[in-house]
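In the two complexes that follow, chain A is the common piece, with chain B as its partner first and chain C second.
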Partner chain A sequence: MATVLDPAGAPAANEKQPAGRTRSTTPGGRRRHFPPLLAISPFYVLFAVFGAFPIVFSVYLSFQDWDGIGDMRYVGLKQYGWLLQDSVFWHAVLNTFEIWFLSTVPMLFLALVLAFLLHSQVRFAGAYRVAYFIPNVTSMVAMTVVFGSVFAQAGLANSALRVIGLDGVGWLSSEWGIKSSVSIMIIWRWVGYNALIFLAGLQAIPTEHFEAARVDGANSRQTLFRVVLPQLRPVVLFAAVTSTINGLQIFTESQVLFQSTDVGTTGGPGQEGMTIVLYLWQKAFKEHQFGYGAAMGWVLFAIIAVFTIVNWRLVAGSDDDRRPGIAGLLRRRGARDGR
Partner chain B sequence: MAADERPTGSAGLAIGSGSRLSRTCVRAVLLLGVLVSLFPFYWLVVLASGTTQDIYRYPPKLVPGPHLLDNMGRVLDTVDFFGSLFNTVVVAVLGTVLVLFFDSLAAFAFAKYEFPAKKFLFGMLLVTYMIPAQLSLVPQFVTMAEFGWAGSLKALIIPGAANAFGIFWMRQYAQNSLPDELLDAGRIDGAGFFRLYWTVALPLFRPALAFLGIFTFIGLWNDYIWPLVVMIDPDRVTLQVALANLNILYNTDYSLVMAGALMSVIPLIVVFLVGARHFLRDLAAGAMKM
Partner chain C sequence: MSRRRFLGASLGGAGAGLLGLTGCGSAEGSASAGTDHLGLWYWKGSLSDKLLATARRGVPGVPGLKVRGSQIPDGDIDSKVRTSLAARAYVPDVTVVNNDNLATFFPDENEFLDLRELGAESVRNQYLEWKWKACFTPTGRMIGFPLDAGPTALYYRRDLFREAGLAHEPADVAEEIPTWEKFIAAGRTLRAKVSGKPYLVSNIGNVFQQVLLQSPRQFVDADNRFIGDQGHVRRAWDLSVDILRQGLSARITDGTPDFNAAMSGGRIATMTTAVWAINGLKDTAPKTAGSWRLTTMPDGPANYGGSYMTLTRYCRDPEAGFAFLKWLLSPANQLASYQEMALFPTTPAAYTDPAMHEPDPFFGGQQPIDVFGPAAQKAPVVYFSPYEESANTPFFQELTNVEMLGKNPGRAWRDAVHTAETTLSRVGVS
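Take a look at the complex of A and B:
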């Protein structure tokens, strides 16, 4: 495969030679590597300048006290010390986890249900997909503005509650109201996306497995739990990990819902909508505490890393394949394609 | 084969495929899902076409009103809508073109050529994909300020001009759909790396480019936190930031803000609907690969 297509390319010097011969002895052997290396270089150059350098620099910055204009003052690990004692930060961490949990669990469940239903429904499949995916492609700022009006005290949500004889809820003013509003927005945005991912997973299950189950006399429930769900595990894993990463980075919903002129945002009444990234933005770009913001970036990174690993372990669980993750997914896919 | 035809559903999962009643239930639930998905858009149109007084009325008015054009006109009078629309279009179009070019070029090299440290470089690419963007929000802003790019559209276009996801995804595609024989034939005709990329690979990449293009375009169009941070000049912002500012300054004038929100959403919905067929199929495939 790869040997037939030895990428010796065809540099001008040996273009007459038939392709596919081993070229290890070709004169100027190094030069043939030049075009592909040049081709991949933009990514690495951009990453070095705008990715790696800022990351290294942020370690340095997190040891400094700096308002972005004056001199930097070296404070060592004190930013981290302050951060660990900052009650607002811990409040933001707790809020982030609460919102993450409130949104991710129902979202993945609903997505799974929708995927099964879509799978059994053949008519209008394309139209359903488009309709379910539209929330995910629209601007979060615009839709947060809309949801903000729906959840306002005299908004549509409370009007609907009054019609069926219930009291209004302080969607944007009470602790759980705020967390529910933000979670509902996240669920609305991501259910369809995850349903389509799960649907793709369902469709990838070979038909023979269902036939085998039927021949063995399995009922629908047994088929679901013994055949379908185990095979969906890699896809559910993917969805769980991406949802976690996204969930721990919630920003726009809280920022747009509770922003006000100049002061930025403190996350609404009681700071119940304050999230980690919102606090990072507030400290760094509204209060100009760049060192503090950099330190917070590293703590966020650590939290996401821990959760991603835990997530992998949990969802991969008792799977025989000891290395799920990307490598595992690729290998399985490769095995199925017979490559 | 006939054996796995209908009664057990398209792939044999026996949900909603049994009785007529359960099939009706499935359809009802799916339709309810569609209504929930689309309702906020309908509500946006209702709010954007009414007056602010309508919004505070109880019971609420559930049908669109006659003031849509008035409200849109007021948006144009209040903020530089076309200015920020222009900025957003420039960022989304240029950014997408650069991503498509650099990603497909790198993917072609990774898929079809051997070079030193290839495995290591590709592994590094995957690792960079795992780094959350917020980690480098502060230092990236400082870097931009040092470059003198803060407030300039360059800050929104250049740093993301090549990305790990796109290279990874295009490489998968290139490996499966670019026949080696075709490249060999090109070589015999004397084409070098870049000629082969431009004349042989790129045309064959078209379906993959369509997906990556829409995906990138939507991402750039909707990005909020980075433009919010880096576009320091309030007169020169993208659509998302302009809308957020409109919301801060005029949040008692609901119909104005809603008209602005509607205007910022429409172009993207059009782009999505045009490319939806490609996009949704490949999105699922992309997720399965990652």
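Take a look at the complex of A and C:
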């Protein structure tokens, strides 16, 4: 373990020294590193036990057929083969992406607007920040139960629709109703969190830029799109990537919303609320097909990896802005309009 | 605890966990190792709190035996038991297993003690026959011990039946509605003649479930063959779809706010379910007290739910463990558990006890035991396979699709059979 940690641990301690001197030529030799290494070892030990080991084990598990207690049976790539032919899995993948899109796009937009409003001078800004963050730390199960009654046939959402003269919607019993309900819950939960991230990004922008924009007569909208967004690019990237990762792992909302004694947790009518992680959980922990669950976990990993890269490319663009990223487009349009 | 000891303890624990996984376990894997009591896992409401408190101080009649219960959340207990068995560490000596889940342990029956070897036969005649038989694995080992039962009945609104001009006293209803077909006919009358146009059932999944449970065969037989596409399942399916076609289902998922509203608003005239639903109904629709009655389920009763207790092979003291089960689940203590926790006894001797014949004002002074007692004794012996959940989930799912999304029932049936077959082929059921 010491050899692994050496390169990581040593330069931090000797930041300003030439690289050659960090080796064991100094008085005390390697032994000198033991106390600090020992001090940071709990993280690595815990990570090895609770992080690295399960990851490696799940790879191994995905090649086995195992009910959790008995003997494992090696099945090679069969689990992956079955998975690729499993129509429910692909339905879950499609659902996950639909829900992700329905939730992430409005959520990031709302978060940005909220952050922008918070950044301008408002009274009780601290109270707002706390209020926005509260949904994120509320128990998801409790929250889902509340939303379950809001979206009930005779619930608050439909009552509100009827007041303005519209028909009620089958929030929990129609395809897009189900997807919208789950998306609304995700938006409610994550919008404040992302707003605070954006706010931190906003506060890092020098005030001179805002003053300059004001002097030039820019209105709020112009300031947002031409001053703030371009400089916020790394923060938007961070928010987009984490939202993608979170969005592809949607689980609790669907699980609690559509739980029922006889039907089990299959994601509601038409399985429209069935997400990848919910299906994984159902197979591994309800039906005890742990090998299948592990294989699903790795396919999910691959999907998330691909989308994180796509996201990165899209939002970060490239250094010279020649490639069409969102931020690149915004910046170019800004430049064109400004001329 | 000093910081150093804390670190040492946590590292030691992590190391022990790893060793457990690598397979050098032994009979020392009990969660209660090094203590003076046996460890028991259960979920809230599955066992009598009072009896557990007694057992903690000492099991009466068994000198020196103490049992300490640990509450595990309802939905987690099964995977927790599985995890500890896989790790061969921190396994409870005694554990409660839900009705549907006992069979999932059949492929790993050797992880549990065979209770016949501990003398279970000596108390056999105290318990319901079908429940006792359900404790056995296909190879003939007895890995479960009867905890509570879930006899079923037809719950119905006497006032609505009366308004519709139907028979409305329990004995008359039982006579007038002996089959599911007659049940559906009564539903039509209710909807046509009662001013509030009540629905017969909240959703058709319940009927599907009950018709299935009346059959000794479910979705997978004892030879590990898929039989879910056969007549007994088809009949349950067709009856359910018929109820829907005739507009007699409220199309509401049980337990949702809509269900609660419909129940208290008197929009649903019957419930086809087990004895344990009584308390839920009382909580959900307190205003309907006095209107409900209980009678025999169309086509006869079945068992829906209920639990077992098991001894794991890591049980430190099998004799003591069995003595505890014998004491806790004796007829006298099952009666006490019924009075305290509404756990329905699996010991018929308890049914004749005056304490079980309390009139219930919620059912207009009817004695629920008059219906549930005989129902418990008449339930069929049903074979559940370890793969039941994988096999039946697609059917319940497709039935929901038919009910909520208007999917074509014929197509839904074919899809359900197809999905069940593919899922089962992965776990070795043909």
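One rule holds in what follows: the second predicted complex is superposed on the first by the 268 of 339 C-alpha atoms of A that agree within 3 Å, B and C clash if a C-alpha of one lies under 4 Å from a C-alpha of the other, contacts with A are read in each partner's own complex, and residues count from 1 in each chain.
The rule is short, and it goes like this: a contact is a pair of C-beta atoms (placed from the backbone, for glycine too) under 8 Å apart; a residue touches a chain by one contact, two chains touch by 3 or more.
The model shown is predicted, which means the values in this text are computed figures rather than measured ones.
In the overlay built on the shared chain, the residue A:F285 is in contact with chain B and with chain C.
Shared-chain residue A:V88: touches chain C; no touch with chain B. Within the superposed three-chain model, A:F53 lies in touch with chain B and with chain C [touch as defined at top]. When the shared chain is aligned, no partner comes close enough to touch A:D167: not chain B, not chain C.
If you count the residues of chain A touched by chain B and by chain C, you find the higher number for B. Once chain A of one complex is fitted onto chain A of the other, the partner contacts of A:G68 extend to both chain B and chain C. In the superposition on chain A, contact of A:A154 is made with both chain B and chain C. In the superposition on chain A, contact of A:P42 is made with both chain B and chain C. Taken together, the two complexes place residues 42, 46, 49-50, 53, 68, 148-149, 154, 260-261, 285 of chain A in contact with chain B and also with chain C.
Those residues of chain C that touch chain A in the complex are listed here as 7, 10-11, 14, 17-18, 79, 82-83, 85-86, 104-105, 107-108, 111, 205-206, 208-209, 251-258, 261, 387, 389-390, 393, 396-397, 400-401, 403-405, 407, 419, 422-423, 426-427. Of all residues in chain B, those touching chain A in their complex are 3-4, 8-17, 26-27, 29-30, 33-34, 36-38, 40-41, 43-44, 47, 55-56, 58-60, 102-103, 105-106, 108-110, 112-116, 121, 125-126, 128, 130-143, 145, 158-164, 167, 180, 183-184, 187-188, 190-194, 197, 218, 221-222, 224-225, 228-229, 239-240, 243-244, 247-249, 254, 257-258, 261-262, 264-265, 268-269, 272-273, 276-277, 280, 283-285, 287-290. Partner chain C is touched in their complex by these residues of chain A: 42, 45-46, 49-50, 53, 65, 67-70, 82, 85-88, 148-149, 152-155, 170, 172-175, 260-264, 266, 268-271, 285-289, 292. Contacts from chain A toward chain B in the complex involve residues 1-2, 4-7, 9-12, 15, 18-20, 33, 35-37, 39-40, 42-44, 46-47, 49-51, 53-55, 57-58, 61, 68, 113-114, 116-122, 126, 128-135, 137-143, 145-150, 154, 156, 159, 162-163, 188, 191-192, 196-197, 199-205, 207, 210-211, 214, 220, 223-224, 228, 235, 238, 245, 249, 251-252, 255-256, 259-261, 277, 280-281, 284-285, 290, 293-294, 297-298, 300-301, 304, 308, 326, 329-330, 333.
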